[in-house]
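Which chain is which? They are A, B, C and D, in the order written, and residues in each are numbered from 1.
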Amino acid sequence: MDGLNIPLNHVLLVSSLLFVIGLLGLMIRRNIIFILMSLEVMLNAAALAFVGAGAHWGQPDGQVVFMLILTVAAAEVAVGLGLVLQIQRRFKTLDMDHANRMGG
Amino acid sequence: MNSSSMMALLPILMLSLTVVVLMIQASIKRDQSIAWMITGIGFLVSLWAAGYARGFTQTVTVLLSVDDWGLYFTTLVLLASVVTLVLSKDTFSPEGERKEEFYLLLVLSVLGAVVLIQSTHMVSLLLGMELMGVALYAMIAFPERGQLPLEAAIKYLVLSACASAMLLYGFALLYAATGDLSYAGIGTKAILAYAQNPVLVISGTVLVLAGICFKLSLVPFHMWTPDVYEGAPTPVTGFLATVSKGAVFVALARFFIEGQLYQYSSLIGVLSMVAIASMLIGNLLALKQNNVKRLLAYSSIAHFGYLLVVLVALAYQDGPLVNEAITFYLGAYILTTLLAFSVVATIAGEEEEKNDITFFEGLFWRKRIQAIGLTVAMLSFAGIPLTAGFMGKFYIISVGIQSGLWWLLAALVMGSAIAIYYYLRIIFAMSKASKISSDSPTQAQDLLVIVLVAMVIMLGSWPQPFIEIAGRL
Amino acid sequence: MRELIWLIPLIPLLSSVTLMLSSGKFPRLLIGLLGVGSVGSAALLTLALGLDFMANPEVLQLTLWTWMQVGSFAPGVAFYFDGLTLVMMSVITGVGFLIHLFSTEFMEDDVSYARYFAYLNMFVAAMLVLVMADNLLLLYLGWEGVGVCSYLLVGFWYQNSANGQAARKAFIVTRIGDTAMALGLLLLFTELGTLNIQSMVGAANESWQVGDTLPLIACLLLLGGAVGKSAQLPLHTWLPDAMAGPTPVSALIHAATMVTAGVYLIARTHGLFLLAPTAMLVVAIIGITTSLIAAFTALMQSDIKRILAYSTISQIGYMFLALGVGAWTAGIFHLMTHAFFKALLFLGSGAIIHCLHHEHNIFKMGGLRSKMPVTFWSFMIGSAALAALPMTSGFFSKDQILLEAYQFPDIGPWLWFAGLCGALLTAMYSFRLVFVVFFGQVKTKPDKDTGWRMALPLSVLCGLSLVGGYFIIPVESVFPMSTGTHPAHWVEYVSISVPLVGLLLAYLIFQSGQLRVDGLVNSAIGKIMRQFWLSGWGIDWLYERLFVRPYYAFASLLKAEPVDAVYGLVVTFNEALNGWLSQSQTGRMRWYITSMVAGLVVLVAVALQLSPEAI
Amino acid sequence: MIMVNLILILLVGGLLAMISERFGKNVPRIVALGIVLIDLVYLLSQLSGMSDLTQLQAPIPSDPGTWLMHFKAEWIPAFGISLELALDGISLLMVTLTLVLGAIAVSASWTDIKIRRGFFEANLLWTLAGVLGVFMALDLFLFFLFWEVMLIPMYFMIAIWGHENRGYAAMKFFIFTQVSGLLMLISILALVSVNQSATGQWSFSYFDLLGTPMSEKVAHWLMLGFFIAFVVKLPAFPFHTWLPDAHTQAPTAGSVILAGILLKTGAYGLIRFAVPLFPEAAMDFSYVAMALGAAGIIYGAILAFGQTDFKRLIAYSSVSHMGFVLLGVYAWNELALQGAVMQMVAHGFSTAALFMIAGALQERLHTRELREMGGLWQHMPRMGAVAMFFVLASLGLPGLGNFVAEFLVLLGLFQVDPWMTAVAALGLIAGAVYSLMLMQRSFHGEPNPKLTEMGLVDFGTREMITMVVMMLALIGLGIYPQPLLDMAQPVLQSLLEVTP
């Protein structure tokens, strides 16, 4: 198929960057909202990699999986946000370092 | 999709049907006891279906393979769910909560587990795992008051989402390397791909394994376990410890076997490290733990460490013994864990402080049956003869010996040595004399404990029939 | 009737058991009858047996049953009866009977009368087994049995822990010797394949040459047992302390019978010792040294019983000398006579102590000659015999020993000379005792004189001490004839005269006081020597520091269980790890994620490391 | 089937004893005593039907047909595991000893146990059942099962009815034995899989596993697994440290069972499994083992001397005495082995009796501390005399069982290594030292004024009967041990033939 074709490695590079950014976000951010966003980033990094790989192999599977990942991410975030509401209500904060009673 | 494949998928279909019925019922008349009934019936029907489906074992599309092994675990998972159901009825009833959704979520989660068990493809793996997981988050956070459940839920959500991200990314890399997403396909093509680009394959696989290891709470992905175990409502914890972990391990085994990962010495090395670390660290963490639920969490870390030995052994032998070992050990572990958690659920209920070991003092003289149940569970965990746990250890050790995994065995011995201490602590606490008085458990709970004890003892003292079953799978 | 020989030890044993089971319920008369009667009947039986033996002297070997049988090791509970056995048995039962009789009065107002006689009868039984055994294992049984009875009787008045101390010392010190002896038994069985004394000696003579190493080792090990029981160097320290027991006990066990068991053992196994001349030399030297050291110590003591104890050690030294030089008959002869006069002396002192309400210090006594005539005369006769004044029993035996010692090759004369010094000292300390206690002015008034139950045994023993020297003991068939020409006459004269000199010296110093020794005694060197001798040449002091204290220190050192500490270390290590790991469970999600990521990175890195193609 | 019944009677009896508490606080002890005696009588009655025990023929280790009894039933055929029990002279001795001491232990618990008597007696009987299993099981899986399971009731006995520091002691006891047991399990499985790879089929039967061909290295490792498990139980220096705590903290009956029976399972295991299964390896190893034994004798004796706690002192004396057993086993000739067996029996009685005396004293004085005793003879002459007897027995007085045992061991050992014998013989001296010290501190010496007004009661009839039984046993063993020797002889004979 014609049109621009990007070498797989580049795609993987970008996606891995995204993935790492997401991880860093998870590690650094305290606010649960941002944490959820970083999760999105990571999931999408994987999705991107799938698309790129799918393109590389000339298969539709990549895109299919991409769709799946979107839905999954949506589900996760939906539940996540529901929890966020409750957290705000019961902990009176969204800072995960403070919403922390268990340990040891 | 011919009829026979439908038959093969019967368990899944039945569960899905249950979900639908529950929804409809909820829309007509909200009544938790009815919902409870429906769920129970649903589980029973699916149990029957699981039995029925054995006549139609086959691979349905590339996604699922319905085989005896899978169906065996399906049955096991359904049994565990029934137990969870029984427990959850009494757990939530005091609070005037809306509970129908809980059963809905339960069924959904089980559905996910069953899919996971039968998955032979990355996509079905993803779907199953997420279906199970997402429902589980909600179940953990289900109680309307209290902070711990919520904290546990959010931690579990974020961390496991992170883990699934790793898993997905790993699969992405594998896909990029091999161009295939089914385990078998990966297995066959990975060898070529490895020759061209080992880094991609290896890091991909390791990422996938990391994602799975998280669900099994293996070191170094174990940290969430105690918090989630402690925070979640006890029946849910039991469910998590049995259904979720069991299903995930089956998936891991399938991936490992069909993906022929045991060929890669590097992966074996990594897995051995994880196993040894889990056995030692898990037990060490539990050593002086006073919260029984956390203690069980740590011990579960160690137990899946033991189970990894079997996978490692695959690299050195492909005997029926390995499959048997997995089948038997998982079965024994699930039964024992159910027993332990049903006692804890009955004794401790949902009050946080009641999970402390001091609350179990003198249990022998207060609630004999429950105490005996917990004792048997602890002995089985510790691998004392006549209990299921011993036969499990027996399998693992013999597999380990036949593959000459002396290092892993050494770790196993050390781990068990440490483990004896904290299991005994609980038994000793129960044998103490104490003045704590508490409401006596209901008939149902006692009956449940008795049944489970009988099964655990049975599995340990007369395992022949089970061995034959496991051998046939 | 000889087949009934087994009755002789059995009767005292039974009466002992009966008395134990009675747990003090019996009336005193019955207890006395049982205690004395049993030994008396044993004595009668022995007498009958003796007469029968005189009639036709043939040895008897009687096996009651096989004690244990493992492979070729099959010691029997079996008795061997010959002249030597007869001598020993007569001494044990005869003297034993007299002492039992004496005890009935001596112990009359003691609360645990029954226990006393139970132990005493038990002792007689064990001692009889010792001398009648036909194999070394059964002998060992009697050997340990008498040891235990000695322990029980020395510590008879247990409320005073000093007595317990003495009793333990007695048992443990002898136990050291016994252990050596046990090793000797092991060696003998391993080498010769039997413990039956007769056949063992036979086998030894076949398989060993004179002067071999193995017999030497075996004999030295047996000697270890002998010196332990017979209170010879270096294991003699227990005997003086053992005087803590009731005086009749000292008379029976620590003078007449048990302490001579070592002599009996060596005499019994002389066949072995003849194969090891070195061992015999050792025996002789031990004997003479002990007798000298003990004599010096005896000269300094002021406790009447300790004087007698040291003199006993010294006299047994003579017996060892005899054995060492091969004068077997003389040795056994001296054993017998010594049994007579030493028992006499002890009983005499017992009478004094009894009548002087338990006064032991001789310098608090005096002038008892008129108050207690019987005791006085028994002491006179006993001391005369002890000092070996001519015509007394002691004279014959000791003279014989000295003469035979003189003929011993090489160092014979020296041994003889040392023996003479010993004899001189013996005469001095024995008459020192007599003069101090019975002459001079009265210091303590006796509240009573001896009753007939005390007087009778004393008088009988007086007689024996006087005429005992004319007995002929039927052991010629047991021992090889002592060859050797009769030494020059002057030797004999000197040997006879030396005790008289000693007597004279004692008189001059302690009685008439014409010979002033105060200057000598009070001089600096004199003081030191006196102290040194008084303390028994400081040997106790030495052992205390060499063995006892180190053992205590070691025990208290180990009390903390070093081994357990190691396991404790493991525990603490695990707990430390647990604490450290629990720290990591902070509950902070970001930390959890970070650790996950770190773990992931490590795993990937390791995996890549491990797969060679990757790098 | 007889052997199965022997075990079943005790198991069921345990349940009965537990239930019987409903009918009164004192019923369980009677029930328990009855059960043990029934078991004993049953055993003897079955024996009378058998061939004259003094004329036993040597059983061929690898042929169960030649044994006194043999029972085999399928259990887990998938792994070739079967319920296989067999009885030969030594097992018979041990079983009888177990039942006799079991009865004595019940008597020891008569007044000692105040709470939950039913459950206590049940645990006691179950422990006995487990021990019987250990002595009779000839299927290694079954053996291991009994080996582990008998610990649980024992654990409860210590943990529930023990003294001030029971939790620690019980835990220590359990962990030591469990860990060593795990090593043995690995050895067993490895041995089985070696055998399986050789013969092609799974079997845990002793008779099949005897003479399994394996490389020297493997043999050494596997032997070590068994050895450690057994010497921990024995216990041998330096694995003995669980014992003083367990013995001191356990209730009297528990100590009696521990010292009298449980320790013997270790010795039995050495004789039955550790050596015959790996003859060459064991023989190569024998010097180390003997050194451990000698070290244990001396070490135990010295530590016993250092103790001021009555029970602790006896516990250490057991360490010392069991050292002789280890020496006897690894000297591995008939004399020494006979000595070891004799020691197992004699020590069973003497130590059990001493523990009962300790228990009786604790009941009366509420202390085990020797410093607070002294002059007790005055108040309790009977107990004093009894104590004296058993103290003399334990210091090896000729004419009592322990002497025969120790002398035979030394005699056998001397033929192997005189120097080791000399070292072990020092134990006799040290033994005298601590035994007499015990006597001095407790029953002799100045009477402690505090005790006089306590109104101490001497041994009663029940206690005296128990004691007299043991005294007679020891005297019998001391002056006519032949029946025992004859019973063990053929077995030892055949075992000796197994080794090169």
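Assume contacts are C-beta pairs under 8 Å (C-beta built on N, C-alpha and C of every residue); 3 or more make two chains touch, one makes a residue touch a chain.
Since this is a predicted model, take the numbers as computed values, not measurements.
Compared on C-beta pairs in contact, C-D and B-C come out with C-D as the pair having more.
Once the centre of each chain is set as its mean CA position, chain C and chain D turn out to be 37 Å apart. If you average the CA atoms of chain B and of chain C, the two centres end up 78 Å from each other. For the pair chain A and chain B, the distance between C-alpha centroids works out to 26 Å. Chain A and chain D have centres, each the mean of its CA atoms, that are 66 Å apart. Within chain C, contacts with two or more other chains are made by residues 582, 585, 587, 589, 593. Each of residues 154, 158, 162, 226-227 in chain B touches at least two other chains.
Listed for chain A are residues 23, 26, 35, 96, 100-104, each touching two or more other chains. Chain pairs recorded as touching, per the definition above, are A-B, A-C, B-C, B-D, C-D. Within the complex, the chain B residues that touch chain A are 122-123, 126-127, 130, 134, 137-138, 141, 145-148, 150-154, 157-158, 161-162, 164-165, 168-169, 171-173, 175-176, 179, 181, 226-227, 230-231, 294. In the complex of the two chains, the chain B residues touching chain C come out as 154-155, 158-159, 162-163, 166, 194-195, 198-199, 202-203, 205-207, 209-210, 214, 219-221, 223-224, 226-227, 264-267, 269-270, 273-274, 281, 284-285, 287-289, 418.
Chain C meets chain D in the complex at residues 20, 23-24, 65-71, 73, 77, 137, 140-141, 143-145, 148, 151-152, 155, 158-161, 164-165, 167-168, 171-172, 175-176, 178-179, 182-183, 186-187, 189-190, 551, 554-556, 558-559, 561, 563-564, 566-567. Partner chain A is touched in their complex by these residues of chain C: 582, 585-590, 593-594, 597. Touching chain C in their complex are the following residues of chain D: 237-238, 240-241, 244, 299, 302-303, 305-307, 334-335, 338, 375, 377-378, 381-382, 385, 388, 392, 397-399, 403-404, 407-408, 410-411, 414-415, 418, 421-422, 425-426, 428-429, 432-433, 436-437, 440, 443-447, 479-482, 485, 489.
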